[in-house]
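Heads up, there are several structures right after this.
Each of the two complexes below includes chain A, the first together with chain B, the second together with chain C.
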Partner chain A sequence: MGRRLGFFFWLAVAYLAVLAVAAVFADVLPIKDPADTFAGTSKQGPSLSHWFGNDGVGRDVFSRVIYGAQVSLVISTVGTVLALVIGGLLGMVSGYYSGRVDRWLTATLNASLVIPPLILFLALVLFLDSEAKRRIFILVFTFVLLSIAPIARVVRAATLSCANQDYVLAARTLGARDGRVLFREVLPNVAPSLVSYSLIIMAGLIVVEGAVAFLGLSVPPPTPTWGDMINKGRTNLDVAAHISLMPAIVMFVTVLALNFVGDRLQQYFEPREAVL
Partner chain B sequence: MKQAVRDQLGRIVGVALAATVAWAWFWRPPFSWTFGVLVVVGTAGAAIADGRYALRRIASVIPVLVGVSFVVFALMASLPGDPAINILGPAATADQIAIVRTELGLDEPFFNRYGNWLGGVLTGDLGSSIVLREDIADGISRSMTPTLQIMAYSVVLALAFAIPLGIWAGYRQGSKTDATINNAMLGFLATPNFVLAVMLVLFLSIGGLSVAGNEIGFRVLPAARYVPLGEDVVLHFKHMLLPSLALAMGQAAVFMRLLRSDMIATLRLPFIDLARSKGLPTRRILWRHALRPSSFTLLTVVGLTVGLLIGGALIVEFIFTIPGVGAYIFLGVTQRDFIAVQGGVLVISTLYIVVLTMSDFLYLALDPRLRGREIGARG
Partner chain C sequence: MAGSGNAHLRSDALLRAQDLVVEFPAAGGRKVYAVSGVSLDLMEGETLGLVGESGCGKSTTGRAILQLPSPTSGSVQVAGQELTELDPDAMREVRPRLQMIYQDPISSLNPRRRVRDIIAEPLFIALENVTRRTAMATWQERIGGLLQTLLERLAIPMRIVGLAASVAFALWILSEAVEERAAEPWLGWTEVPAAIIGFPALAIALAVAAVGLVLGLTWVLLALMLPFSLMSRQFGEVSAPVGIAGVVVTTGASGFMLWRTWSSFGGWAKWVNSGGLGLLTAVLVVWLAASIANPERAGASGVATTLSAMVVLQVFYVAGLDAGVKLIVLVVSIVVDTLLLRWVLRRYRANRNAARERAEPRVREVLEYVGINPDDAMDRRPWEFSGGQAQRLSIARALVSVPQVIICDEPVSSLDVSVQAQILNLLEDLKNLMGLTLVFIAHDLAVVKNVSDRVAVMYLGKLCEVSEPDAMFDEPAHPYTEMLLAAIPQPDPEAELGSGRIDGELPSPMDPPSGCRFRTRCPHAAQRCADEEPEMREIAPGRFVACHTPLIGETAPERVEIASAGRGAS
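Take a look at the complex of A and B:
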């Protein structure tokens, strides 16, 4: 395999970049209004004027998929970054100060894993939700809560393995404070595995957001979301399968690309330890 | 005598588990009995293998269970609005409210209320649903059956895919076959279960896409509805196949990749060379010699994925209109039935914790190499 990233890696990166750019600049790009219903085009298949066809009420599926990407990408990115900061800090602290701190942190993090993600989310929607507008915050909050423990575990393991290395000892002998050792010596060595793992976490969050939207509990309509489009398209599955199929394919490719890039980076950084 | 039991522990525990499943299959005892027996078997196995470890593990599980119950209760108690008013409606008089509050025990201090509630929970009283007008414990145990069936079938299906593929990919590591299996599984890993479910319905039950008048797909399996096992066995499995498949493939990918990497490690060990030099056929070496020592991580992860399966089961129940626990909780959320959701979350989290502990215990009972050693923080 060697230390090359390969063609498909760059293809996946290019796809993700195009998707992100399209989502960010959706308002400026010459694509159709996702809320516009085009007369007489209900359930029409893909065509030159409507690339992904039209949905049950004649809206353009392509532009709805692009606008749907906004929700998926914003929620998963914000969730991952926040979880990365919190989980990364907790993991480093836990791995660096072994002993009581480590034991308590590990136990708490393990305990936070005992509630299945979707169930936790449903409970939070019910208990915290007074209006649907706030749901995006609940989503991000739950996603952060869900991703902290796995990230902290990975970081803890990586920290443990480098905390006993000579360069850390050297820094400490020179009188560096703990904070400095953590951020200047440990962090740069933990960062690669952290970055590749966070892409996989992000893919996972896109899936959970999709599932939540599928159940009709994500950002409420008229904002398009992939999960909601797939779910609504099910009523027309026998006559116009593309309404579900198109967002499903885009979602699949996005998740696949994120997983693949994460996987490849992990192999690139640590050729030996790339297991899962 | 005791030593003999310890030597054969893996086999004894395995037989006991199989016997329990068979008993549950034919006699259909209440779900809680089966579960209780499984817990007893697992705990006994672990206690025989390493009593101190088993004790310590149980001691560490209890605070987690208490913590979960406390969080679930605190969430309920922190709700805005007075439950008494919710029950009586806005037109209630102050006297009526006071009576209902006393009846519900709402005027007692927080920790007393928690104690009362926990006492009720331990004796199987989860309260009753205002919306559904039924006992919540009854509702949950009724909807538990379909959920557990889906979960069990999907784990079996996932293992049926993952074990042969994992063995083969590990054996032919680096070959084209290995790469193909790996990429296909990466694909399944990236398919959200609800997307897979919709695709399965599209291509296997409603005829698929029609391109230029030709159907690309089949109409062979039903797309929805739940048929109880006791009603019609064939129809039951026909209806359960698509939901279970939708859940299984993602798990199969995880299982396969794990088994593959453990297999690669095992195949490098000297006892494999020995088996080979004795002239044993490859298939026998792979299935009889290499599989068992390679499958212990897999076992833990099967336990860990139960949490994911519960979330997945919720979606799949929603799509295939199966009256399971996920559907029960989802209904509770959409109808703002707080007590039902509280009960559901509590039961599911408890189950999950117990299953996790059991998978650790089984790990200990089945793998002789671990006895008397620490296996605390693995995976």
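Take a look at the complex of A and C:
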């Protein structure tokens, strides 16, 4: 089989792994305290002691990017994984049991697609957010709500095409229960598109966090987040572009890596019956 | 022509389908009358050929016999057992006796599974169904039918509630933890999620964890309702000292972490406050111990649930530590989790392999029956085979559960002619070897003539004619049979083109003609055919026809040009 994932796939995976490890072990890695303001370094560009430079009040941008990765990665992974499980189940159920179940589920999911994400988010923050420190749960909750419908639709489409195949009928002829059919016959055929699409959703959530931060509604300071850093650096764009640029570049590369990994996986798992 | 009636049915048949009716709803509140009162029967060891044009309801009849879907009305009996009245569970236990071979061999084999698993699947399914029934029977003895019915009815709602509750519960616990810690000089709440990423076990377990949690919570509910003895069944076969050591070590470790979590929650008050966590933890600790002692019984979801629950506990634990100690605990936890996960996975895999090994001799035997070399084929996937080989695999899968009746739904239609002969010979050999009873659905009359002991001709959801193939092919009794025979292409370059054409289109099954369904295309149609539906009757020994004016016997009308021209060498 001449199929390979390719060098750039592994490069992207390596980058994501390094980022994740750095975020997790940020406390114990020899990097600077993200809250420390270094005297006389305000708006200084990248240097040997401060790799990504310093921000408006002299904090080290590099260590803030690392700590910001905690928020971005947690929000996007937890959000995606929850949405993947819920959306995946809903999609499979909806695609497998046609008829009334499918109609109601599809209608509900389509209705949820109509809600503008930012409005939903603002509403949730207004109604639920008694304390700022709970913001991260609201973020995750909103992101899950937003990602369920797209994932469920993709999974439903994949399930529909596979539920009509004879091997599903064959499993039922053998006396398999619906659960067994879904998990043994349908899931293996749906999983590749599910996983690769989830990675793309994950990348999307990182960007959405940035957008939310622009409204000042992301995880509140002093916790650094990428979106918040880009937003704060905006006022200094003319004199110290790196304050916004560095987190933006890291966010860009991360999103690119996630999308790339998702795309490559999708191609890799392309059903091979097409060859016949 | 194309009528109803049961005159052709025999007594003591192995399979008897009587007055099958299948209707599908169509757009606009209309109905598709796919099968309207078809009756068939098969003696043991007999092959029944079922022929007709595309869309006449052959396949639907075949599937109705298998109850997929169940017929709208009518009865199906196998060895005297009525299938249409069986409840789904009882039907599942009958299914191994009724098998099916499909038209498209490639799409009837799951492209993502290996041959060894595909062929062994009937065995696994049968085992699962029997185990389940036995378990259900034990329950019934213990807690009576009432609770069981209740549980069966509640199974799905309970899982939904379980899902909602576990998600809400997880979020609530997390927010509780955050609130608790916010006042203390710890490193901030990003730690909790950061630690979540930190555990490699979680990366694998988290995806399964949500599902696992649902099942876990269902388990908690069950555990509350059932006597502890049922839980202790999970401990079955803990004989090896390793198992006991595993139980001791994990219980100890979980206990320690539980205690740390508890103290970091602030003692009894908070502990009672988060009583749900306590209950969940207690059950999960028992479960983890059981999973490690005997992964096969605990199941994959159990292993995943307990592992992820352990990780969550660790997260709470780690989050309460100082930065210095945290590194050590983090590293140790990662190592321990990885080892634990590897060990459990290995045990789980070992169990799966054991199941495979138990099935292997049978799988090999069946593969050899169908002429596939097991050594080459076992670990390959279906798309690596040619159409003919894949059809052999499909036959092997049907054979593995030793069926009484196999319904072949156009098994050779998508194969090329040389392979068709191989598959037909194979079916013939297997039939002689295993005493199979076959329903052979096809539209190729030459094929049907060769394999069948009896042939039934269908038209638009009704039977036209049932008889021995030789008599039918020499002298068709039904005008439709005659047309079908006339439509066989003649391998004669001198033959007149278009001589054997069937005129007219098949009428819509949504609006079938009155009386005889074939009358719109029948050259002999009379007023009586529109008014009165013909009944199946015996016009010669062993020849049953549903027609007012059959082509043999004293009432036979004069033969019509078109039909006789193309017939002859059939």
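We adopt the following convention: the second predicted complex is superposed on the first by the 268 of 276 C-alpha atoms of A that agree within 3 Å, B and C clash if a C-alpha of one lies under 4 Å from a C-alpha of the other, contacts with A are read in each partner's own complex, and residues count from 1 in each chain.
In this text, contacts are C-beta pairs under 8 Å (C-beta built on N, C-alpha and C of every residue); 3 or more make two chains touch, one makes a residue touch a chain.
Remember, predicted model here, so these are calculated numbers, not experimental data.
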Legend entry - Simultaneous placement of chain C and chain B on chain A, clash or fit: fit
Inset, instruction - Pick one for A:Val74: touches chain B only (first), chain C only (second), both, or neither. - result: second
Legend entry - chain B versus chain C as contact partner of A:Leu126, first or second or both or neither: first
Legend entry - Vertex chain A angle, Cα centres of chain C and chain B, expressed to the nearest 10 degrees: 100
Inset, instruction - Mind working out whether A:Leu118 is in touch with chain B, chain C, both or neither, as first, second, both or neither? - result: first
Inset, instruction - In the overlay, answer first, second, both or neither for which of chain B and chain C A:Ala241 touches. - result: first
Legend entry - Partner chain(s) touched by A:Pro221 [first = chain B, second = chain C, both, neither]: neither
Legend entry - Smallest separation in angstrom, by C-alpha atoms, between chain B and chain C in the superposition: 12
Inset, instruction - Could you list which residues of chain A make contact with chain B in one structure and with chain C in the other? - result: 275-276
Inset, instruction - Can you check the complex and tell me which residues of chain A touch chain C? - result: 20, 23-28, 67, 70-71, 73-74, 77-78, 81-82, 84-86, 89, 133-134, 136-137, 141, 165-167, 169-177, 180, 184-185, 188-189, 223, 271-273, 275-276
Inset, instruction - Using the touch rule from the top, collect the residues of chain C that touch chain A in their complex. - result: 66, 68, 91-96, 98-100, 102-104, 106-113, 121-122, 125-126, 128-129, 163, 167, 171, 174-175, 178-179, 182, 187-191, 193-198, 206-207, 210-211, 323, 326-327, 330, 383, 394, 397, 401
Legend entry - Complex contact set, residues of chain B against chain A: 60, 64, 67-68, 75-76, 78-79, 186-187, 189-195, 198-199, 201-202, 206-209, 254, 257-258, 261, 307-308, 310-311, 314-315, 318-319, 326, 329-330, 332-333, 336, 338, 341, 344-345, 348-349, 352-353, 356, 377
Legend entry - Residue numbers on chain A that touch chain B, as the complex places them: 106-107, 110-111, 113-120, 122-123, 125-127, 203, 207, 210-211, 214-215, 217, 227, 230-231, 234, 237-238, 241, 244-245, 248, 251-252, 255-256, 259-260, 263, 275-276
